[in-house]
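The structure is given below, and queries will be raised subsequently.
For clarity, chains are labelled A, B and C in written order, and residue numbers in each chain start from 1.
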Amino acid sequence: MHTPRAPLRAKKNVAVARVPELIFGDLWEFDPAPESADPRLRDQYDLFIDGTFIPPRSRKYFDTVNPATEKVIASVALAGPEDVDAAFTAAQKAFEGPWGKMPGKERGKYIYRIARLIQDRAREFAVAETMDGGKPIKESRDFDVPMAAAHFFYHAGWADKIEYAIPGRRVKPLGPVGQVIPWNFPLLMLAWKIAPALAMGNTVVLKPAETTPLSALKLGELLMEAELPPGVVNFVTGAGETGASVMAHPCAKKIAFTGSTKVGKIIMRQTAGSDKRMTMELGGKAANIVFDDSPLDQAVEGVVNGIFFNQGHVCCAGSRLLVQESIAELFIEKLKRRIDVLRVGNPLDKNTDVGAINSRMQLDKIEDLVASGIAQGAKMYQPSCALPGSGFFYRPTIFTGVTQSHRIACEEIFGPVLSVLTFRTLEEAVDKANNTAFGLSAGVWTDKGSRILKMSTLLKAGVVWANTFNKFDPSSPFGGYKESGFGREGGRHGLLDYAKVI
Amino acid sequence: MRMATSSPFKRLLDEIGTVDQVGVEERAAKFATRSIKNNSKLWGLKTAVSMVDLTTLEGKDTPGKVTSLCQKARTPGDDPEVPPVAAVCIYPAFVQQAHRLLAGTSIKVASVATSFPSGQTPLRLRLQEVRQAVADGADEIDMVINRGLFLAGEFSAVSDEIAAVVQTCGDSRLKVILEVSELETYDNVRAASFIAMRAIRAADFIKTSTGKTPSNATLANTQVMIEAIRDHYLASGVPIGMKPAGGIQRAKQALYFLVAVKETLGDAWLNNTRYRFGASSLLNDLLRQIEKQKTGAYQAPYYFTESSESY
Amino acid sequence: MRTLPTGRAGTRIIVAKTPKAYIGGEFIRSESGRVFPIYEPGGENGHRTFIANIPQCTRKDVRNAVEAAAKAGRGWAGRTPYNRGQIVYRLAEMLESRTGEMAGAIARAKRLESVAAEAEVAMSVDRLIYYAGWADKYEQILGNTNPVAGPFFNFTVAEPVGIVGVIADDASPLLALISQVAPAIVSGNTVVALASETLPYPAILLGEMLATSDLPGGVVNILTGFKSELIATFATHTHIRSVDAVVSPEHRKELALGAAESVKRVRARPLEDPPDWSDESTQSVYDIRAFVEFKTTWHPIGA
């Protein structure tokens, strides 16, 4: 039997006990440290179709805004149905033409080339990503961009080894594939989508999110530098309607979507009867489960990383903390002290830990759900950090006293808001963790090896992080159970979703 | 009667909690992504200077060497805004001399004792060494714990030895060297930190290393120790100081160590009564960077006294 | 009704068997009490030979079957792969030993030569054995460790998706059903199957064989009835996590629409161009893969 650890608290019976507390003040305040690399952005972007930038037949453009300043960064073409059609025509032509006929060995070299060019221009892409999406430069620089390059690098190597991925069968590419990606990891999601599609010999029409189109458009320029044959990859920018045209296009042999479960369901309905192949990477409400024997400071770090990474705009965010009752008070105190030193502010500042919320709309949604948490009686904690005067920002937020029936425990908030629930036994933890329509990821923190394997077996989630959280790798399959979607991205498993087994 | 059905390590770790290696190393790596600029950099560099225990612990140390060290400690550079260091750290044989040279300054005389660096002599002799150093004028004693006893699980013996040194120190401040490289795991480092902290007094220190083994202070092992200090303080109200030692040679490294202090222990530890660097060449790199901050020009090492980089 | 000579006593009236659906290990009539008659094919001058009244299952029967499947799921998935393999193998033995009865039913239903009917039974037996052999091997093919760039041990395992709905192909009333059900259950899924609408009788016999095999009740549930009536329930029941169907374009659309509500995995194959189930290309580890979820676990490597 495991003995619950006695909380490391001062004894209550000390008569004049002044509770010791740490001071996180301004004795040593950091000066601004803005990243100064030039993102090399243009004022206006056309559509990247058939290897070149062309004005939209729709003749319409829309603005993309820096969420940290609310200032317009660039004007971007709005692709209408005709433009999407042109993109698929180019993709079809490329598939029937040079790309479809190219041996895997040569195809791989193009993908390697893309990886290398991204590495060359990494800092520039990182700055663009941060300006367009609001994520801290620390993350775009150290995570998004290098990981995007890694995805191309990993998949490039598969291009001439496909037969080893599918023992006992042969495979063929599918043809042009339609892909729609979200705004939380614009470049990385693009890499997740494009790299395996190209490695398996398909061609691509991809729509980036309307609030974060710039990294795709910059990648279009990079693909020209890479001399990728025209039409192999096409980018059509726009909002939901453009996305719907991409998903519904008759040329698309397969569609891949990453985004909310709500939109995923709409796409599934809209394409019903088309017999298209599909993968869906949708929402989540991951439980991060902390047992009383876990390495607490690393668990705190994992919980913080799990929910405040990228402002919580992460489908696999650990948005529900399930902490064992015997250590709940201690753990929450540790958690509060940790978020007291998170730095919220200018995303371009190298010391910023929590950047800008991606859009006004998203900020509204977060505020609405937080208000519901308060209205439903949960207890809120926010650090007292100052927020910038303009732009969309939100303080890291912890709700305690949350139960399963609170909205904030059920709905995906997609923001820096953590709901804390408690449990007493392993079984209760598993029941609570699995009591959701989602099933993308889960976290387990315990020192006991056999318990980790048991939890990992019982949790209904596509990714289980044990004694760590929010780890990603091109070789590691990612994707959900239940309403978090189907299909996998990354690893050997992701390849099959871009191939026809014959 | 106490049930003893598990090892002393298990019992202690059940009480104080364990450390995950990969997790703490990730946390530590994040401190090194902080970008400290302009005034905040200058403040950090000067604060670091004031925290240096300027050290020489070599078999070839001579009175002449100690004299230069003490002079350097008093006036690290020619800039009056740069504070003196916190202490000089020397072998017991030089305590009387250093005490004389530093009289009337704020600089403390710190002496290693207890058969530094191994600690492998009878306790009686180790205590005698401490007694002598204190009598000779040591303001601070840097002792080593008995790693052999610790690894054998004889925790109360380790603790009793430390308590005996505390007694012997009198008013002198004690720094307890865990020699983390010989403890090997972070769990052990955390356990040893708690054993030491429970035996020493407010304002005493725990310290990573002797500098005499291949690996010394790192951001990660120092993080394990300052988290232990934090937990001990929050539980008992007793503030313990921290001294990473060995391997911190560059100003930039020192700043990252201070970022870890700022974000883990908070402002109350950002001074030399609660934080020290055990170092020798670090001081000149701090001075170089201070000069660079002021003049905007990168500095050749030979502009700074006692420089070992003469090329 | 057929009669058979029975020796000295003269002509004996045979005792007809009442066909029943197989749900949760029990033989049931439809909760609605409805049945539909099936006849031997052909017949002249409008005279058709009656075979039996088949339960016309309703959406409530589907619901009950899903509940039975859910109840059986945890235990079935929790068995060792070796044990699941043995049970599926045992099922093959049961079928082999009752080849005559099953072949007779197929021959009668399809008006086939008994040789051809026996061939379908033989292929079905072989298919069961094929998948029985996969039970403790598919994870070695489908799962792996992943060499991530960091101090982590990372591995991917295949887990059953849960409850799988099967809408059987009409063409081969036994072989298709087995080809669809077997790859789903070897990995630990449980199945709610709708038997061929036109040729349901062999599936009913299969249910009887399942009941006498070691397969726990509820792991495979066999319903009979009309696709047009039941597909909507298969599509929209949110506890059915995956559907394998050989159906018309309209039904494929209906399945896809319903599946959208709970993000269900649908594997729909065209009834108008059905698989050739006698071809061995219709059996593979990738048919097992169609009904698994991949779970990837990360753990730090440290001390």
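The working rule: a contact is a pair of C-beta atoms (placed from the backbone, for glycine too) under 8 Å apart; a residue touches a chain by one contact, two chains touch by 3 or more.
Note that the structure is a prediction, hence the values are computed from the model and not measured.
> Determine which of the two chain pairs, B-C or A-C, is joined by the larger number of C-beta pairs in contact.
A-C
> Which chain is the middle one, judged by CA centres?
A
> Indicate the whole-number Å distance between the mean C-alpha point of chain A and the mean C-alpha point of chain C.
Roughly 38 Å, centre to centre.
> Please compute the C-alpha centroid of chain B, do the same for chain C, then give the distance between them in whole Å.
Result: the chain centres lie 71 Å from each other.
> Out of chain C, which residues touch more than one other chain, so two or more?
Each of 152, 300 in chain C touches at least two other chains.
> Check each residue of chain B and list the ones that touch at least two other chains.
20, 22-23
> Hey, what residues on chain A touch two or more of the other chains?
As it turns out, chain A has residues touching two or more other chains at 467-468.
> Can you name the residues of chain B that touch chain C in the complex?
Its residues touching chain C are 20-23, 25, 184-187.
> Of all residues in chain A, which touch chain C in the complex?
150, 166-169, 261, 264-266, 268-269, 271-275, 280, 282, 437, 452, 456, 461-468, 471, 473, 475-479, 481-486, 488, 491-493, 496, 501
> In their complex, what parts of chain A are in touch with chain B?
Counting only chain A, the residues touching chain B are 3, 5-6, 8-10, 17-18, 20-25, 27-33, 138, 142, 293, 295-299, 301-302, 341, 350-351, 447, 467-468.
> Help me check something: in the complex, which residues belonging to chain B touch chain A?
Residues 14-20, 22-24, 26-27, 33-41, 43-44, 47, 227, 230-231, 233-237, 258, 262-263, 265-268, 270.
> So in the complex, the part of chain C that touches chain A is made up of which residues?
Residue positions touching the partner: 141, 144, 146-150, 152, 154, 156, 161, 241, 249, 252-257, 259-263, 265, 268, 284-286, 289, 293-300.
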